[in-house]
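Both complexes shown next keep chain A, but they swap its partner, so chain B is in the first and chain C is in the second.
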Partner chain A sequence: MRYWRVLFRNLATWLSAEMAYREDFLAAVLTALITTAGRVFALWGMFTAGVDFGGWRFEEALLVVGAAVVLMGAFAGLVEPNLSAFSRRVFQGTLDFVFLKPLDTQFLIMFERVSLWGLPDLVAGTWLIVAAAQRLGLSLAAVLALLGGLGCAALLFYLLAFGAALVAVRSMYVSNLLHFLAAFLQAAQYPATAYGRGFRWIFTFFVPVYWMTQVPVEVVLGRVSGALFLALGFWLALALAASRLALRLAMRSYTSASS
Partner chain B sequence: MWNLLHPRKLGHLTSAFFAQHLQYRLEILFWLLSHAWPFFWMALWSQAAAGGSLAHPPTDYVRYFFFAWLAGVFNVTWSGYLLSYAVRSGDLSFLLLRPFPPFFDFLTEHLGTNLVQLPLAALVAAAVLVLLPETRALPPLLPFLALLVLYFAFEYVFGWLLGSLAFWFEKSENFYEFYAALRVYFGGMALPLIAMPVGVRKLLLWTPLPYYAYAPGALAAGWPLDLGRAALVLVLWTGFVGLLAGVLWRAGLRRYGAVGG
Partner chain C sequence: MSVVVANRLSKMYQVAEKEPGLAGTLRHFVARRYKQIAAVREVSFELGEGEIVGFLGPNGAGKTTTLKMLTGLLYPTSGRAQVLGYVPHERRSGFLKQITLVMGNKAQLIWDLPVLDTLRVNAAVYEIPEVEYKKRVAQFAEMLAIEDILTQPVRKLSLGQRMKAELLASLLHHPRVLFLDEPTLGLDVNAQVAVRDFVRSYARERGATVLLTSHYMADIEALAERVILIHEGRLLFDGGLETLLDRFAPYKEVRLDLAEPAPAGAFDAFGEGVDFEGRSVRLLVTKERLTGVVAALLERFEVRDLTVDEPPLEEVIGRIFAAGAV
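Showing the complex of A and B:
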């Protein structure tokens, strides 16, 4: 309960801070619109040019695009701002203040702030999913299940990025490392069948974006069994345990500003 | 006239920025990798071309995306970001005290960063050249470099225009992001112009967008490209945008209150 209250306060504070720049926020909304239009245009161009998606229909592939856009929104809104702030804290030695607080350290690091810049992508991605689902005749329950699955996927991606960001303790800057991970979300906006075998292997095991966009969509389309949602949950539990362990290990090398 | 450009001071600044960014070389390597998603598109398109369902052979797409990526490493700018931040934070005041306009300041920062990127990009490019023998055909070097420089000039000046908006809006980084989104989706990085409807392609070729990725890529793939028009379009746009940027910059400076105003 206490955690929810802190989460809510943190998010509200950061939202009001960012709304200060109105014209710039308007530009961010326009960017999300043009990006979404560009994505649909690119997918349409691929279909008309004859790119082989392994039997996926346009609307079905659009669901995968929407899923990836939702995850990108989570990245821009939550993952990037918090983990950049984390690396800044390591750099300046102000991580000490986080340790001093009576709440869980990992929670404080991961949910300290939220950026408004994630919102346009979240809306655009959800809109793509709803529009594609409507044309495919999917039920509301299916759309909600997909969004729920994407919530889990976003958390999984966040934990993965969190683990990667722990190198900040050594290398200080992580922003580009995070964007390197986010680049895989770009790739994951198309069904993995469109790529060669090597890439598919990378997307399944190395940076498992395949589990984050394509699997939830395929479950909802009824192509694969819903048990794969359980696999997603398994990955999530594993990532959570691993990230907690990794944080403990990494903090051994953290030396605050003084030493 | 030559002295007005302060060649020695700007030379020193360039080497200072070079040294500053060299500290973060690992970071820049990750920047390169994080912008390597054209390789995903390369995999996707060449896979499809190998299946025989596309208009061009796989080799063309491999070359196209590799050289489009390579051009994109060097021809993109972030002057809009730098200027917007300098206006918002008040750092611009210190730059204005220098004997040359801040325009050159940020230009040397771009040059310094590109110099650090050169060996790193060469490293990535060498790996690609070994792994993908298809890429080992160089595009005509002179037109390729000329396109790089001309597009860079356009974007740098355009960034100045967008950054100047910060005098009124306090923050204009997202205007630059808006252009960057246009650039990716309509500049040929996400979708080569040859896969677009003819009308859209014809219209786009009169804007600077396709000279970011499509033109360098098409040059490497050996697809038809009107180089004369490329130069004309880029020079005209740079002149037009430069004029506007100059007007906005002057008007903006009069408004600028260095945070306190």
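Showing the complex of A and C:
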């Protein structure tokens, strides 16, 4: 209960901070509208030009685009602000205040902030999913299952990003890492079959882009077994355990910025 | 029973060594060299319940590192730390709920938002009920005289107001042990006094134990009866403040701003450690001779300004070394 209360308080506090700058939010809405329209137009262009997506119909591929846009919203709204803040705290020495709080440190680092910049993408992505699902005749339960799967996928991506940030923070700027991760989300907006065999292998096993957008979509489309959701859960549990271990090791060698 | 125990506490840091310039950078890129720095060396002391202790030492002496080991932020390289019966670096919730660390050069307040927003987050973290939260905020804000600024964005506050608000945020959960690292750093005299008064009142009311570092002797004199002196990571002195000052700083620093330049050597008879530059003069005068020397100086020279102060802490510590003490 305490964690929910702190999560709510943190999110409300940082939303207040974000809303102090109205122009920023309007810019985010406009950016999301333009980029989402661009993505749909590009996909439509590829289909009308006869690009083969390995048997995917336009509406089915649109579900993958929608899923990727939802993840981009989660990235801009949660991952980017928290990991950037984490990096700043390390260099400024204010991470000490996080370590001194009587709550789980990983929770405090991962869910301290939220940015309104992610909201337009979350809305636009959900709208794309709902619109594509309607044209495909999918049920409400299928849409909810897809959104649930995307929630797990977003958490998986966040845990991987958190682990990478822990490793990277002492030797490079986390902002570079965030650009790198954002590029992979761009790759997740098309079905893996749109890429060559080498990239497909990378996106499946090396960077789990395939698991984050395509697996949830393929499960609700009935193309693959629902058991793959369990595999996603397995990846999630593994990533959680690995990130907690990485944090524990990082804290042992923490030196705190000099005062 | 001791509330804070440091038993032969040591901390070694590994620091990269790099020569300047492009050649140095390239060498550092190919083959990194590190050296071990002993920040704290086998420091031992104990603090009792309700005790306020000054922790003194020049920059780089190991004060902050010791504080960070006692708050669990750093793992000791060797030795044992214990606070309220807990091992700090295990960072148990029961331990973290009962301590606080205030750092004069670092802020936990949210920059773009009013102070109250940070306080609300802290109230949720420490599970302070709403009624109790409001009571504590009202009480502390009144003690610190910052009732009017709680709804202002932190970025709009002065340094003194920010530090008072930091104290409020750090003590909202009623910690039993306070680690204060330079809480008056950069503050004007009035703000320094307000911070000292607040810490003294809080400690007295709640029986809290306080370990305070400061470069300002006035902080230590106002709050602490006992001081621990540390230099180059080693504990040099642990005892009463009066003992320390009587033994190692039985003099005052006198500064003069003269209307006309005076000949060299004109002040040698008035005190020791004479520092003479143009019209500015600085000298150390024993406390017994102070009144007579000041009167004589005013009589013999045309003085535009005269100040009498405690000698800098670094100088006191330097004398401790010169005396081969402890």
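By definition in this document, the second predicted complex is superposed on the first by the 255 of 259 C-alpha atoms of A that agree within 3 Å, B and C clash if a C-alpha of one lies under 4 Å from a C-alpha of the other, contacts with A are read in each partner's own complex, and residues count from 1 in each chain.
Rule of thumb we're sticking to: a contact is a pair of C-beta atoms (placed from the backbone, for glycine too) under 8 Å apart; a residue touches a chain by one contact, two chains touch by 3 or more.
Not measured: the values here are computed from a predicted model.
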- Query: Of chain B and chain C, which one touches more residues of chain A?
  - Reply: B
- Report for A:102: first if it touches chain B alone, second if chain C alone, otherwise both or neither. second
- Message: So in the superposed three-chain picture, is A:183 touching just chain B, just chain C, both, or none of them (first/second/both/neither)?
- Response: first
- Query: Which of the two partners, first being chain B and second being chain C, lies in contact with A:210: first, second, both, or neither?
  - Reply: neither
- Query: Between chain B (first) and chain C (second), which, if any, makes contact with A:30: first, second, both or neither?
  - Reply: first
- Who does A:39 touch here: chain B (first), chain C (second), both, or neither? first
- Message: From the superposed pair, tell me which chain A residues show up as contacts to chain B and also as contacts to chain C.
- Response: 20
- Note on the structure: Within their complex, chain A touches chain C through residues 2, 5-6, 8-10, 13, 16-17, 20, 92-94, 96-97, 99-103, 252, 254-256, 258-259
- In the complex of these two chains, what residues of chain B are touching chain A? 24, 26-28, 30-31, 33-37, 40, 43-45, 47-48, 51, 53-55, 165, 168-175, 177-178, 181-182, 184-186, 190-191, 195-196
- chain A - residues contacting chain B, complex: 20-25, 27-28, 30-31, 34-35, 37-39, 41-42, 45-46, 48-52, 117, 171, 173, 175-177, 179-180, 182-183, 186-187, 190, 194-196, 199
- Message: Under the definition above, what is the set of chain C residues touching chain A in their complex?
- Response: 13, 64, 68, 71-75, 91, 93-97, 99-101, 103, 105-108, 110, 112-113, 117-118, 120-121, 124-127, 181-182
